[in-house]
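See the structures that follow.
Shared between the two complexes below is subunit A, which pairs with subunit B and subunit C, respectively.
So, the complex of A and B:
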């Protein structure tokens, strides 16, 4: 009996430590974003929302926020469309070297972001393409396409083949089969890929830093703020970024995983 | 709409495997045809060739009076009902049923109206707004049928549509399928491995085995006058007794077997006319054994047999009988409910000549 209480006590303590380890930095970040003072370090002087006000009146920061959203959404849409098309063709048609092609599509996942950014930088330079949000978006498509492809490909099963056949039998052409039957059937996994891709793009720094020039994304703007020293304002914007990610995850959890469970 | 179907000398090979071997079949417009056979006999391959999902290696498929051999499924006047129903999981029932009409460019109001009509036909009009996952297996089945019928089709192809249903529901759906087929008049081609299902719904049954058609005809003919040993044994229980033709003329033949001699009408030689000296196999259904005393036609006594085991099946006693004359295989006989059957008892065996079918022996060529 005593032993059981002890064992369960230890497990609970272990759980508490794990979560503390994961979330303490975030909690501290959020806490000191409300710091009434100039330094986001202990001691906590009192509660104030002045740094959030400062964030919202900071034109550059707000512009960076808008850029981040634009890049995240556009690059994720492109990644999902390309990932879906690749997954569809590899799952439904006999293609030459399909195992190799699958491998090639997923390979960028194993390459570090730094290498990808440097490679793209060299390529864009050779093409005389100026750095902009577009080039950042291209970089994010490169890193998110393998993810989208893998998620969508994994959800394409043989049981959908007959459903697509039925659609074709009823007179649908290939495009209509994809648009009206396959894509809606796979919508849970397509949306999962989309939201994951958005969160990855949203707080990606290295590629965004190396492939942008005048218009920058939020992580790059935060980084340049940090260069001028610690400031509760960076905590405030960090908290907002965190909040946005949590919101996306919650949307994902309740709208998609909840729905698939029901089915 | 409805159309006749003609399959001319169709073969299909997959690598070295021959799935269909020169199959020819003529189906009349508005017929309910069942392709019956064990798994791997080629029945589903034949259905896929009719539906356009496979192309034959050789031969021709004609539907109506148009050659359809290489026409895509979308352009054929056929619709397939799949074994797993293949409903669109993300669409409401009315949209599922209206999908084919949408592909044909009908406006929403018009196709919804038609779709509701077909849902009504299968008794699911009230559920039009539901999605497939809210339905039971039998209801999904009905939606699949409504969806297939909603498009202007001439031939409906059904790929073991009742396979996933429990027995009671399956019997009920068989009756419904048959009734709906009668109402719409479309040619139905239905694949199954269940011989009871085949007999329950078919106008004519096609018995298939190893890529060939073994037998083709109305259920009663397939059962009572099978044209091959396979067909006889696949359609219910049967006893095989080997024998030899002693003498034969145009109208009858004298046959000798280990159980005794019989004179059979020549018409009972369903596969080939009798010739003296032919090795044959007699097929006798278990219910055709009668007590020697009741005579409602020319009877042949086949000696006596000892009851080696029996079980009561409700409609009859199913008995294993060991003929006294030989120590060959035991026979299976269905004796009437009223019979008082005891193990070890000696019973007389008799059959009506008209009930015995003579087929070439298994080693002989068909």
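So, the complex of A and C:
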């Protein structure tokens, strides 16, 4: 009995310590984003929202935020559409070499982003192609396409085939079957792929850093803010990004995943 | 039942649907990669890239200690991070799976990986707030009178390791937890019936059964950690450079793209070796 109390005491203590470790940097980040002063380190001088105001009037930061959203949404839409089409083809038709095709589509997942970015940069330089948000988007599709393909392909079970066949018997062509039958049936996993891909693209640094020039995304802009050292404004934008991600996560948890759990 | 013989029209259609994704991957992943591999066999002279096939970059890697040291630093940090992360994450996953009441488990897990969703660059920056010379830890310790001089943690390998472990503990907790809850309680009951105590049950039954999950998570940690530039650059500073930092240096000041390409290939080889080691080890476990 005493031993059980001891074991459970140690367990809860361990839980508390590791949670403290996990939350320490985030707590410090958010707390000192409200710092009334120039340094985001102790002592805490008082509560102020001046750094949030500074974030919202910073044109470059707001432009980077817009760029990030644009790149994240566009690259995720392209990844989902291409991933869906490929998954449909590979799951519904037995093409020769389909294992090879699957392997090729998944391959970018196994290579570090740095190497993917360097390869693209080398090629774009050799072709004298200018760097822009478009090239960042191309890079983000390369890393997100495997993810979208894998998620959507995994959810294409054989049990949906008969419904698709029925639609075809009733005169629907392939595009109609895909748009009106397959895609709605797979909507939970397509949305999961889309949102996961948005989060990855939104947060991606090295590809965006190497493949952009004048217009940059948010992580790259935050990176250049770091050169000025510790700054409560960086805390403020960091806290805002964290808040946005957590909000998105909660929406997903309660809408999307909540629904799939019930089914 | 799925597909019998394909008509020509069907085959054309199937290729048509798969083509965009395949072409994208070929054009923007395979071709760039092959181009980079070729480039690693060229060399830089002045600001020009000379397309003469040679092994100079690779030979230089093994003869120049600063470059080789980068790989050594990378490997050391990655191995330390992987081991520490597994050691920290396993008990956490176990406590959440075993001690936390069922209906709170999902919440405990979401809470445990919440900081995962801070921006990657920002996460390293927040550790700087904690670890820097006038940061939270130093001010707390000097305030309590435990140390007279602030500790130099930022811009050291320790800071890099802390930043990495923080990230990967969250990742590994997730993979190990999902492994633990799939475990049927019957194994443990059987072990207990046969007279094993709690420790023996864990050591001989639970741990071996969760080993594949640990290895998968550890391999993921290894791959993501060894290829990362952000955390070592922000937290480790310029004292002990890791391979990705050296690669980025080639791009910047030196504009030596062939050398950067060669170092990237070496980085990839390191990952491949790790994969081969892990895969073989897993196979032995299964046999």
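FYI, the second predicted complex is superposed on the first by the 263 of 263 C-alpha atoms of A that agree within 3 Å, B and C clash if a C-alpha of one lies under 4 Å from a C-alpha of the other, contacts with A are read in each partner's own complex, and residues count from 1 in each chain.
As a convention for this text, contacts are C-beta pairs under 8 Å (C-beta built on N, C-alpha and C of every residue); 3 or more make two chains touch, one makes a residue touch a chain.
Just so it is clear, the structure is predicted and the values come from calculations on it, not from any experiment.
J.: After the overlay on subunit A, what do you see for subunit B versus subunit C, clash or fit?
T.: Because the two structures are overlaid on the shared chain, the partners are seen to fit without clashing.
J.: Between subunit B (first) and subunit C (second), which does A:114 come into contact with in this model arrangement: first, second, both, or neither?
T.: Once the two structures are laid over each other on A, A:114 reaches subunit C alone.
J.: Which partner chains sit in contact with A:181 here, subunit B, subunit C, both or neither? Use first/second/both/neither.
T.: first
J.: Thinking of the overlay built on chain A, is A:206 touched by subunit B (first), by subunit C (second), by both, or by neither?
T.: second
J.: Using only C-alpha centres after the superposition, what angle do subunit B and subunit C make about subunit A, to the nearest 10 degrees?
T.: So the C-alpha centres give an angle of 100 degrees.
J.: Classify the contacts of A:170 with the two partner chains as first (subunit B alone), second (subunit C alone), both, or neither.
T.: The first partner, subunit B, only.
J.: Once the two complexes are aligned on chain A, which partner has more residues of subunit A within touching range, subunit B or subunit C?
T.: Of subunit B and subunit C, more residues of subunit A lie in contact with C.
J.: In the superposed model, how near does subunit B get to subunit C, counting Cα atoms only, in Å?
T.: Superposed model gives a least subunit B-subunit C C-alpha distance of 8 Å.
J.: Subunit A residues touched by both subunit B and subunit C?
T.: none
J.: State the interface residues of subunit A toward subunit C in the complex, per the touch definition above.
T.: Touching subunit C: residues 8, 11-12, 14-15, 18-19, 21-26, 28-29, 32, 39-43, 81-83, 85-86, 88-90, 92-95, 101, 104-105, 107-108, 110-116, 118-120, 122-123, 125-126, 138-139, 141-142, 145, 149, 158, 161, 174, 199, 203-206, 210, 218-219, 222-223, 226, 230, 234-235, 237-238, 241-242, 245-246, 249, 253 of subunit A.
J.: Sort out for me which residues of subunit B touch subunit A in the complex.
T.: 51-53, 72-74, 78-80, 82-84, 86-91, 99-100, 103-104, 133, 147, 151
J.: In the complex formed with subunit A, which residues of subunit C make contact?
T.: Interface residues on the subunit C side: 1-3, 6, 10-11, 13-18, 20-22, 24-26, 28-33, 35-36, 39, 88, 91-92, 95-96, 99-100, 110-112, 114-115, 117-123, 125-130, 132, 134-136, 139-140, 166, 169-170, 223-224, 226-230, 234, 244, 247, 251, 257, 260-261, 264, 267-268, 271.
J.: How about subunit A: which of its residues touch subunit B in the complex?
T.: Interface residues on the subunit A side: 159, 162-163, 165-173, 176, 180-181, 184-185, 187, 263.
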